[in-house]
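Have a look at these structures, which come just after this line.
Same chain, two partners: chain A is paired with chain B first, then with chain C.
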Partner chain A sequence: MLNSGAQIDCPQSPVKGRLFTAYITGSAWLSAGFAAIIFATLAVQSAPGIISAGGTFMSTSWLPSQGQYGMLPMIFGSVIVMMIAMVVALPVGVLAAIAISQIRSPKLRRAVKALLEALAGIPSIVYGLIGVSFLSVFVADIFDLQTGRVILTAGLLLSVMILPTILTLTEDAISDVPKAITQNAAALGLYRYEVFKDAVLPVAGPHIAGAALLALGRALGETMAVMLVIGSLDRLPDPIYNVLSSGQTITSKLGREVGESAFGSVHFSALIFASLILVTITLSLTIASQIIFSRRAKSSVGMRHV
Partner chain B sequence: MKTTAFCLLSALTLVGCSKPDTLSVSGSSTVLPVVSKAAEVYSAQSGKAVIVNAGGSGAGFSQLAQGLTDIGMMSRDITAAERAQYPDVNIKAVAIGRDAVIPVVSSEIFDAGVTHLSLAQIAGIYRGDIQNWQELGGPDTDILVIDKEASRGTRHIFMQAVMGVKEPEAKGADLVLGSNNEEQTALTQSDSAIGMLSIAWLNDDIKGVTLSMDGPPIAPTLENVKAGRYPIARDLNIVVRDDISPATQAFVDFLRSPEGQEQVEAAGYIQVTK
Partner chain C sequence: MFSRTMKDKLFTAALRAALGLCLAVLAVLILAIIVAGAKAISFEFLFSPARDFGASGGIIYQITGTVLIGITASLLVLPFATSLAIYRADFVKSDRVKRMIDTSIYSLNGIPSIAYGLFGLIFFVNILGTGLSWFVGAIILALMMLPTVTLCAVAAMKSLPRGYRENGYALGLSRKDVVIRITLPQSLHGIVTGLMLGLARAVGETAPIMFIATAFSGVTLPGSFREPVSTLPTHILALAQQATNPDALANAWGASLTLVFLVFVLSALAFIARIRLSPLSERHT
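Let's look at the complex of A and B:
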């Protein structure tokens, strides 16, 4: 894995160069090591919880005082909130990125992009406060709810938070498509939308998907803002698709309870197991998409050279 | 030159971290207003910095037990389970004030006539048996039942009095929130909510209901709490380890001194040393 990418055959480097190479390789292994250590720690720490209360994990009732640690509501909450956020943010983000990439003046394009990127710099607690004081009130008014601290509010708030990620990376992907490709396509007499659809998208596609994946990771991992607006109720919605009821995500649960649970207790261990589930979801999504895109990239490269 | 700068920088950082006269206090958001007011006065007098953080009673205890803070704040007693988790550390609680937990409703509900509730009625609401204010003489609106995180001191005291258990399951709950602040905001935003708040946190938008008892009803007033008539009352504690440092002890003594107790009253609670 570490040896993939552009490889050039060079003559044997002097000591300085070899040190540099070792430093680079070392850094790469270190980063990979961190990921492995985190994963291993989570696995080890969740063992006591699995042993003494594992049977209750796949239920819906979370009552630490009675030894019940049902995680279904928060797993469901994490997934549904992430889906709402993606459904709202992905089309908006990608379409906005296309629009921005088609602005002909580079100056204006950079200005618009910088403005949108500023959204990404706002700390999540600020989004959370806006969510509690305005968004949740709007949602409650619009749907005539008793409280706006519901799953939908969390999803909508998250969609705004992940929008800059999708937008910036998608715009980068489109702008990075080599001029030769677009100019050749245009020279063949294609309309502008055809150039985009048939020449730009096939090249930029995997990168756009990468952008979506990064955004998805952020949506799953966001804690503070979600915690403030979701209602923190450990219950599956009734009926299950009712996003106008309060819920819980894995992160909001961790945010509220990790500080209260004693290190080494079953309660603590169960919370660690919940975070292990979260990491596993993110990781498997990443791996799955890597596989899909490496396949597609290979086949599309073949196509282009025909 | 570079090395000197580096040494200076690291020296500064180290001093910043382990400055011996900086005290850290964390835990219950109910006790927090008292301690932070007292800390201001104390810092001005002694020149020692006191850093006060919220987090809840449970967090206050576990952080103290883990040595992450000098003083923990708890609005309830230490549970046997908590003690059992840290058998090696000896922790004692010191009362610095008294407080009452008041069942509160949105002002709209209060003004519509729900001014009195019995403990059994409140239990019915939290159990999910009573779901509409009409059943309690109020308007035809669903009740928004606001619960608190299971380890919160306020909830322990409230549930002990209302349901007879410290950590019951509340099937009727619609929202689960954390600090008094968060609870207060949600109650203010709603026009049909019931919740539990410490007496110092009531305001114009949030009304405390009078408890209807077998005898005369008991209003949620400071006088009733002082006289010991109000049934949902508790000590506000700070907790310390037995290997307490002199600097920490000095602040604990200050909290119990007449000057510290003034801050208890200024925060809306009741003095404990009188």
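Let's look at the complex of A and C:
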């Protein structure tokens, strides 16, 4: 990684310079520590809940008045909604990214990409409103349901919301593949499909996987849109694969109930524990994708010397 | 099973279909927001206060609340993000520390927005006892903007040619002078772009501020730091939950169009900033 300044020893600074250094260093370390501070705050607040009701966490009934805080339905809901979103968005996003990378005019390519990135600019509450007034009505009509606020609706809405993440990062990965590789493959007489499968994918694959992990993290953490369309029902679907029943995710649970629970109560603490699970998973996904991205950056630097 | 030509044709068709689907979804969403929103928008809607729990009246105090929190968050995040970026670019020598800083910035970016809200609720509203406060909301949004602004600033500082800083040091400038006279002005485009992008995301956020900074009805301009405001996203949330009332829903669409418009103006500003404030090294003269 290029960095100027790194090897340069600067002159000893007078008092003003030292104050400046102290200011920069101090606020830099504070900023860098915020993620840890947030995590620690959530961990400390969830401790009382674990101590007094931790035994009930792995059950399916959430009844705060009876001291039962079963989190399985919402954990299951988060996972299934995330899976639906990925199953829809990953193929569409990757294929569309390839299609964009095939556009010959650089101007048009950039324009199409920027246009589709506008999907990321729509705030999640507006997606929620769209879900409530259109998508859930469609889903109810198509499947002849009493209410369209079901797991499937949340998954579909979420798939649109994570689409730009997958699309942009995949397109970046594909256009980062050295031209020599794709041109050689094409010159050998491979068809477009074979160029992608045998030349582009082996190089860009890890980066696309990283994009998928980031998108998973976004899907898990999305609150407002999911909360408005999932129906907020603390029950495992019956049968378990029934995505046309209402459900609950960790985020929708938090969005609905944190306002009603008193600070310091076991109820509040249990909710904070749920958020800690969420943060732990999303942080792991983020860090994993970051490791993938940095590895690829190194390998592509190495390739230039070949 | 399939011949090579067949596979290739299928693949090409799939590519076109996927791109077409994405563009169609985008078009439908934007059209829906504009058509449904335009019905509610009027001069009176934009400039009068909400009445009947939002079912009638306008959104003037939601707009002022959004703008107030957004501007305050930008002012709060600016010194921290620039310090962190400068520290990473001009102060840190070890690659390990740099990686640690990067990991921490990306982690902050990976924390879900609702967790920011819970952190604010625990730390500020309850432990520090601030109660519902728009200022706490601005602090939390500033935290959420921090990774975006820092990453854009870092990218701009990285792309600064080596010679710029080396010349500065060779001329006898102290590190402080190099930072103030060379690094900062030459990476201004990155900082401003990051700020606009971060702000575009922050003004649309609901989850981080709904427990800590906003109230629904009867909110006007805040008279102190410790009062809640109402913002466009929280207003839309409240209206969307009365989905059976067509008047409330119509006003929710009006507020949505206003919010989306605001977000796109900020994104456009980010785009302009990147071009207009480009550093010496990228100017073609």
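In the analysis below, the second predicted complex is superposed on the first by the 241 of 306 C-alpha atoms of A that agree within 3 Å, B and C clash if a C-alpha of one lies under 4 Å from a C-alpha of the other, contacts with A are read in each partner's own complex, and residues count from 1 in each chain.
To be clear about the criterion, a residue touches a chain if its C-beta (ideal position, glycine included) is under 8 Å from a C-beta of that chain, and two chains touch if they have at least 3 such contacts.
Keep in mind it's a predicted model, so treat the numbers as computed, not measured.
Participant: With both structures placed on chain A, which of the two partners, chain B or chain C, ends up touching more residues of chain A?
Facilitator: Touching more of chain A: C.
Participant: State whether A:T41 touches chain B only (first), chain C only (second), both chains, or neither.
Facilitator: Touch partner of A:T41: chain C, not chain B.
Participant: Quick check on the superposed pair: does A:V137 touch chain B, chain C, both, or neither? Answer first, second, both or neither.
Facilitator: In the superposition, A:V137 touches chain B alone.
Participant: Is A:G231 contacted by the first partner chain B, the second partner chain C, both or neither?
Facilitator: first
Participant: Looking at A:Q183, would you say it contacts chain B, chain C, both, or neither? Reply first, second, both or neither.
Facilitator: Neither chain B nor chain C is touched by A:Q183.
Participant: In the superposed arrangement, does A:S59 touch chain B (first), chain C (second), both or neither?
Facilitator: Neither chain B nor chain C is touched by A:S59.
Participant: Looking at A:T147 after the superposition, I want to know if it touches chain B, chain C, both of them or none. Which is it: first, second, both, neither?
Facilitator: The first partner, chain B, only.
Participant: Using the touch definition from the top, say if A:T280 reaches chain B (first), chain C (second), both or neither.
Facilitator: neither
Participant: Check the residue A:N242 against both partner chains and state whether it touches chain B (first), chain C (second), both, or neither.
Facilitator: After superposition on chain A, A:N242 lies in contact with neither partner.
Participant: Just to be sure I read the superposition right, which of the two partners does A:E260 touch: chain B = first, chain C = second, or both, or neither?
Facilitator: Touch partner of A:E260: chain B, not chain C.
Participant: Intersection of chain A residues contacting chain B with those contacting chain C?
Facilitator: 132, 228, 259, 263-264
Participant: If we count contacts the way the header does, which residues on chain A are in touch with chain C in the complex?
Facilitator: Contacts found on chain A: 1-8, 10-11, 13-14, 16-17, 20-21, 23-25, 27-28, 30-38, 41-42, 45, 91-93, 95-96, 98-100, 102, 112, 115-116, 118-119, 121-126, 128-130, 132-134, 160, 163, 167, 191-194, 196, 214, 217, 220-224, 228, 251, 254-255, 258-259, 263-264, 272, 275, 278-279, 282-283, 285-287, 290, 294.
Participant: Contact residues on chain B for chain A in the complex?
Facilitator: Against chain A, chain B makes touches at 55-56, 58-59, 62-63, 65-66, 82, 85-86, 142, 144, 149-151, 166-167, 169, 173-178, 182, 185-186, 189-190, 192-193.
Participant: For chain C, which residues are in contact with chain A within the complex?
Facilitator: 4-5, 7-8, 10-12, 14-19, 21-23, 25-26, 29-30, 32-33, 36, 79-81, 83-84, 86-93, 95, 98-119, 121-123, 125-126, 143, 146, 150, 158, 160-162, 164-166, 169, 172, 174-176, 178-179, 200, 203-207, 210-211, 233, 236-237, 240-241, 243, 249, 252-253, 256, 259-260, 263-264, 267
Participant: Of all residues in chain A, which touch chain B in the complex?
Facilitator: Within the complex, chain A contacts chain B at residues 61, 63-66, 132, 136-137, 146-149, 228, 231-234, 246, 256-257, 259-265.
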